[in-house]
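A, B and C are the chain letters, set down in written order, and residue numbers restart from 1 in every chain.
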C-alpha cells in the first residue's frame, strides 16, 4: 500500500535524518549503571523545565520540586524584585530541609515573605540570602554573607521555568532550545491558564514512556477500545502515518493531520463526545487564539491536528489544532521507574458548556495515558528478562530512534569529562 | 549578655580545645562506607545498653535484643543464681535462631525455665549450658559441654544492663562509663519502676536523630508550642547552664525557675489541672539528697541534667523521674528508636494521671522532632552542602561527631 | 444499654463509648480521627469536673478499681489526650509532625 503522505527524497524520514535503519537495543533502558551515566551526562547538564510562571503569580510565590534524578529538592521562588530564582532546599546551618509543609518528602507551594527553617529558625530572604541567625553571638566567626542558599541556574522562556544543575551551563536556555523550539515564541501560552494536572508513578524507564508518545503507530491498536468499533476497525485497517517529522539538535517533532470528529457520522463517535462536544482532540469548538507563530505546524499540514515537540531530555509540548496545548514530563526516579506528569491547558472557560468540553478532553486524555502506562510496565519487565535484545523500528517510529541516539551520544561524549 | 557564665576561655567549646570551632561535616550520617566502619569500630566494641534490671524481674526472666548494625541478636537472661547473662541467640546445632516468639525477626521477652530450640528440640539452661540433645547417640563424639550458648559479655551498672560484642572488651563497663557517668551511682533508677515505653522506626541516620536531643538551641524554633502563645516571645533563645565532656560521653544541665514556679500563664490549663506536664509531676516523692553527680556544674537553681552515654544512650534526669533514649542504626539512613519514661510507681489515680500527662506531652514534642528529621536526612543526602557551622549551645553535637570519628579512626 | 461510667458521672455517658479507651494507642488514633468540634465539646464538658473525677477514683486503691471506675480513669486519660489538640495545637495532629509515628508499647494498666 503506498503511503498517504509523501516521504522525503531519501525514501524515508529515518534516512532523511541520517539515522541508522537497523534494529535497536534497549540496553539503555534496563541498566542501573547506564542510568547513573545519564544522570551525570544529561540531567546535570541540560536545561530542565520545572514549571510555569503562572505557578508564581506574585512576589513571594514559591513551589518546591523533588528532583530525584538530580538527587536534590529545589525551591523556585519569585523574589520581591520579580526575579525568579531556584535554590537547593537545604538550610546552611545543619542541612535540614528548609521548605516543606505537611511532610518533608512532599512537594508544596505557597506564598511567603521569607523562608524560615523549622529546626533553629534561621531565616533567608526570597533572594536566598541568610538574613537571621537565632542567637548569633553563640557562633564562632560566622559570616552570614557566606551562608546563603545554594542556587541553581534558572531561566524563563515563554513562561516556562527551566533550571540547570551545571556549575556553569554550557548553553544559555535559548541556545539550548534552538530554532525549532524558539520559533514557537508568540504562541499564547500565557493565555491558556486553565490547567488540569495529572501525576503518576510508572514502573518503567523514563525513555520507554517518552517513546510511547513519540509515535502514533500504536494508536489504532492500543487505543482501539476507546472508540466505537466502526471507527476503530477503520483506523486499524488504515494504520497510522504522520505527514511530517522534524529533528533539530537534540529535540524532535511530529505533526499529525487531525481527525475532524465533528464531521463524522455519530456511529463512529462515543455518545459522550457528541453530548459534550469534546474528546481526545479537544473541544470541537475551536478556540480562537489569533494568528499562530510560524513555528507551529511547520510542515504546513492540511488539515492539521497537532504538533508534538519533544524537548530533550524529558519534556514534551504538544500543541493541538483545536486551540489548546498539553505538556508531559518524565522524571526518572530509578533506572526502571519514573514520575509522569501530564498538564492540559485551555483558555479559561467562559461558560459551563465550554468547561464541560474541556473536562471531557482532559478526562479522555487520562484514559489514553493510562493505557499507555499500563502496557509500558509490562514492556519494562520483558525487556529486563534479556531474552530478546534487538528490536526493529519502522519509519513512523523515527523519533524513538532519534531519542535513544541522542541519549547514547550525550552519555558517550561525556564519559571521562570531569564534573 | 549570656545568662549563665561561660568558662574562662570565653565559650564551652573553647574550654575543650580539642573540639575546634570550625564548621563540621555530616558526611558520617549519609555515607554507606562510614556505616560499615561504625559497625566494626563502635557497635562491636563499645558497651551497649540493652535494657534494665527491671526488665528481668525474676529468675528465668529474659528478653532478646536485635542489634542490626552488629548483625547480632542477643538474649539476656536472669539465671537461677540471679546472675544476669547474655548470649548470642543462636542454637549451637545448626545455627537456628533460638529465642523468638511469633516472628523470628521481632524481639521477645518473657520467662522460662530453659531455652528450647524450635528446630530440633535442643535445650539450654539459663546459664547457657546445653542440657539436652535430641537423639544424642546419633551424633559422633558429641560432648554437650562444648556446645553451650556463645556468651556475650554482659555487665550491669546501677540497674542498666550493658553488653559488649567484642571478643574481649578493652575496658570494663565501669572504666568505659568513666567518672562523670559513674558519679550517678547513687541515683535510685530502680525506684522508678512505672514505665511508659515508646518505639519508632525513623527515616534518619541514628546520629542525625540523636543530635536533636543534645542541644536545646532548636526548642524555640521547632517546639514553639511548649510555651503558651500569650507569653511566647519571638526570638526567644535558649542557654544551657553547664556543659561537660568526659571521654566519649557528654552532658548538659539546664537551670532556672521550674516551669511550675512560673506564673500560671506559662503553663497550659491541663498542666495546671493535673499538676504535671512537660517537665513531669510538680509534686511527688522527692529524692533527697540528689547525688552530686547529677549536677556537676553546681547549677542553682538546677533544672534537668541530660547525660549522653556513647554511643547511643541518653539518660535525662528530671529529679524524681527520668527518661532514656536509645538509637539503634538499621541502615545509613534509618534507625530504630526506643524511649521510655520512668516514674516512682503511682500510689493513687492522681499520681497515675500526673504520669499520663507527662508521657502524653513528651510524645507530642517528640513527634515534631521525628517529623522534621526525615527531611533533614533527605536534605543531607543531596550532599549539596557539607561544612556546617555549630554554635556554643551545640557543643555536644560537635563532640558527638568527633567521638564517633575518633573511634572509627582508632 | 447499661451505663459505662459511675452514676455520679452520668452526664458524660454520651462521651463514654467514644473516649473510654484502655490504651494510649487507641486514644491517640481516636484523636486523629476526630474533628475539633467533637473534641472541643468533650473538653469543655469535662473540664469542670476533672478534679472531682480524680478524687472519685481515689476512693479506691489503684489496683482495685471497679470496672466503671477504670472507665472513668480512661475518660480522664482521653481528656488529657484531647487537651493537646484543643489547648496546644488547635488541630488534631501535632503541628509539624509530618508522617512521624511513635508507638507507645508499654504502659501501666489501668
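In the analysis below, a contact is a pair of C-beta atoms (placed from the backbone, for glycine too) under 8 Å apart; a residue touches a chain by one contact, two chains touch by 3 or more.
In this text, all values refer to a predicted model and were calculated from it rather than measured experimentally.
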B-C or A-C - the one linked by more C-beta pairs in contact: B-C
Centroid-based (C-alpha) most distant chain relative to subunit C: A
Innermost chain by mean C-alpha position: B
Distance between chain centroids, defined by C-alpha means - subunit A, subunit B (Å): 49
Interchain centroid distance [CA atoms averaged], subunit A/subunit C, Å: 52
Distance from subunit C to subunit B - Cα centre to Cα centre, in angstrom: 30
Two or more partner chains touched - positions in subunit B: 222, 371-372, 374-375
Residue numbers of subunit A (touch at least two other chains): 100, 103-105, 118
Residues within subunit C bordering two or more other chains: 96, 98-99
Residues of subunit B touching subunit A in the complex: 11, 13, 21-22, 26, 211, 217-218, 220-222, 235, 237-238, 371-372, 374-376, 378-385, 388-393, 397
Subunit A residues touching subunit B - in the complex, by the definition given at the top: 71-73, 88-98, 100, 103-105, 116-121, 134-135, 138-142, 147, 150
Subunit B partner contacts - residues on subunit C that touch it in the complex: 24, 28, 47, 50-51, 54, 57-58, 62, 65, 73, 76-77, 79-81, 83-84, 87-89, 94-108, 110
Residue ranges of subunit C in contact with subunit A within the complex: 96, 98-99
In the complex with subunit C, residue positions of subunit A that touch it: 100, 102-105, 118
